[in-house]
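Here is the structure we will look at, set down as structure tokens.
Order as written gives the chain letters A, B, C and D; numbering starts at 1 within each chain.
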């Protein structure tokens, strides 16, 4: 139940494996079973009307749970998303950054599950809820990850 | 943001509208946006092997969110489940009662969303996670509730 | 891509492992990747108002996908539900039997996914949609099934 | 049960309301309750490793169901996504276009539900399954759309 990577190591590793997008995501806080992640909102995350898009919120939830799994399992670990469910609750507030509060509910041998509440930065009303399941391949084989 | 029914009024109303099953469910705690509900586990809630069944956990999650909506909207309100998602995380512990911790994430004009963590009584490891969406018909017309 | 159990073998096996409830469920049709299952609706499947309850529909979807996995993997196989999502679309028609049309979307080494449309017998309007994920333990160990 | 917009009118309208991304999505077929949509895969839809990303598949599912609702309800209609569930079943085949086969399961007064199977172009094995719920505001008021 301890972290394999601390907050700085996790941020460095995400920057290395996601060079295109790592600047979009900032690890703000990390504990043994929670992570807070910021989506630094830019034009490409907005839909017509100027609010954060559904795909951008999906990405934020997905990256948050993935980062939490990495922080616990370590750099060598492979994991692929096998299920997501999301509820879109409120209109995001303009182009404010989006904050994800993620809890790791389960970290098993082959499955990890996390849930996420997302907020417009500065608001305490959740904009969206997500849960994500990751499949973790047995021998670190990417081909096996889809179960 | 205040309760239309307190804990006792809510329990009385559930007993009245669900005479067959109300003894299965006990409201243990109620705030403006959370409810704790106990499933008093009996033989009919178990599957082969003696652990609480999936349908019993579905019922518990569904009743918890419904009760939370009633507590806020009042007795006259109608609401039907339109969506559920559940993650089954761990094997329940034998035939222990099941405790649901439910948060109301949204209570809108026509939709309510709650999420629920379920635990075997006495354990702090979640057995299942659920989210439930309820549709609330505009004029209290049951026929309209399915949206 | 062939069946390990034919329709009769599957029905016999379900009767053996689910002695309490097997009469509720009838396998009506089985192919290599689809199954049609009937829920023989009785008083205990109804909610106040006399329509089929959410937990009864959850059971039907769950049993359908489980039976499909058994038909392909054979009797010795173990599988536990790890995720479900359901949309409740219309009010079921009174106490008519419920028919589930299930497709197996994936049968992997460790995960199986099926989706299900449910209809009131005699109607072609779907009452509910479900998808179910099953985790299949590696060495047939029940303890390992939760991933 | 007839279409408010035919295939060409729908494509024109999507181009008008989504000027940034409409070239990503091509309406390939449209009936009264199904739509086939192509995601023309480009570099920005890929994740490290060169396969189509989860957010790109989310977008495809979301646009498909939204387009189906528009085709039935007409240009003036407003709709916001309130729920999504997705199962990721297989690794997409390289950078092939992604084809979504969408069925409209319900088109109610205030809620619409569609489900979607997604395939790498040229393959008949589903890569992902999605279901999407849209809330349709009563008087065409965008502010009311979140229910």
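Methods note: contacts are C-beta pairs under 8 Å (C-beta built on N, C-alpha and C of every residue); 3 or more make two chains touch, one makes a residue touch a chain.
Since we're looking at a predicted model, the values are computed, not measured.
Student: Which chains lie in contact with each of chain B and chain C?
Tutor: A, D
Student: Of the other chains, whose C-alpha centre is the longest way from the centre of chain B?
Tutor: So the chain farthest away from chain B turns out to be D.
Student: Starting from the mean Cα coordinates of chain A and chain C, work out the distance between those two points in Å.
Tutor: Centre-to-centre distance between chain A and chain C: 32 Å.
Student: Could you work out how far the Cα centre of chain A sits from that of chain B, in whole Å?
Tutor: Centres of chain A and chain B (C-alpha means) sit 28 Å apart.
Student: Give the residues of chain C that touch two or more other chains, as numbers and ranges in rising order.
Tutor: 82-83, 85, 87, 89-90, 133, 146
Student: Any idea which chain B residues touch chain C in the complex?
Tutor: Residues 17-18, 20, 48, 54-56, 58-59, 62, 80-91, 142, 146.
Student: Touching chain D in the complex: which residues of chain B?
Tutor: Touch list, chain B to chain D: 82-83, 85, 108-111, 133, 135, 138, 144, 146-147.
Student: Note which residues of chain A are touching chain B in the complex, please.
Tutor: Interface residues on chain A, with respect to chain B: 83, 85, 87, 89-90, 105-106, 113, 115, 117, 126, 129, 131, 133.
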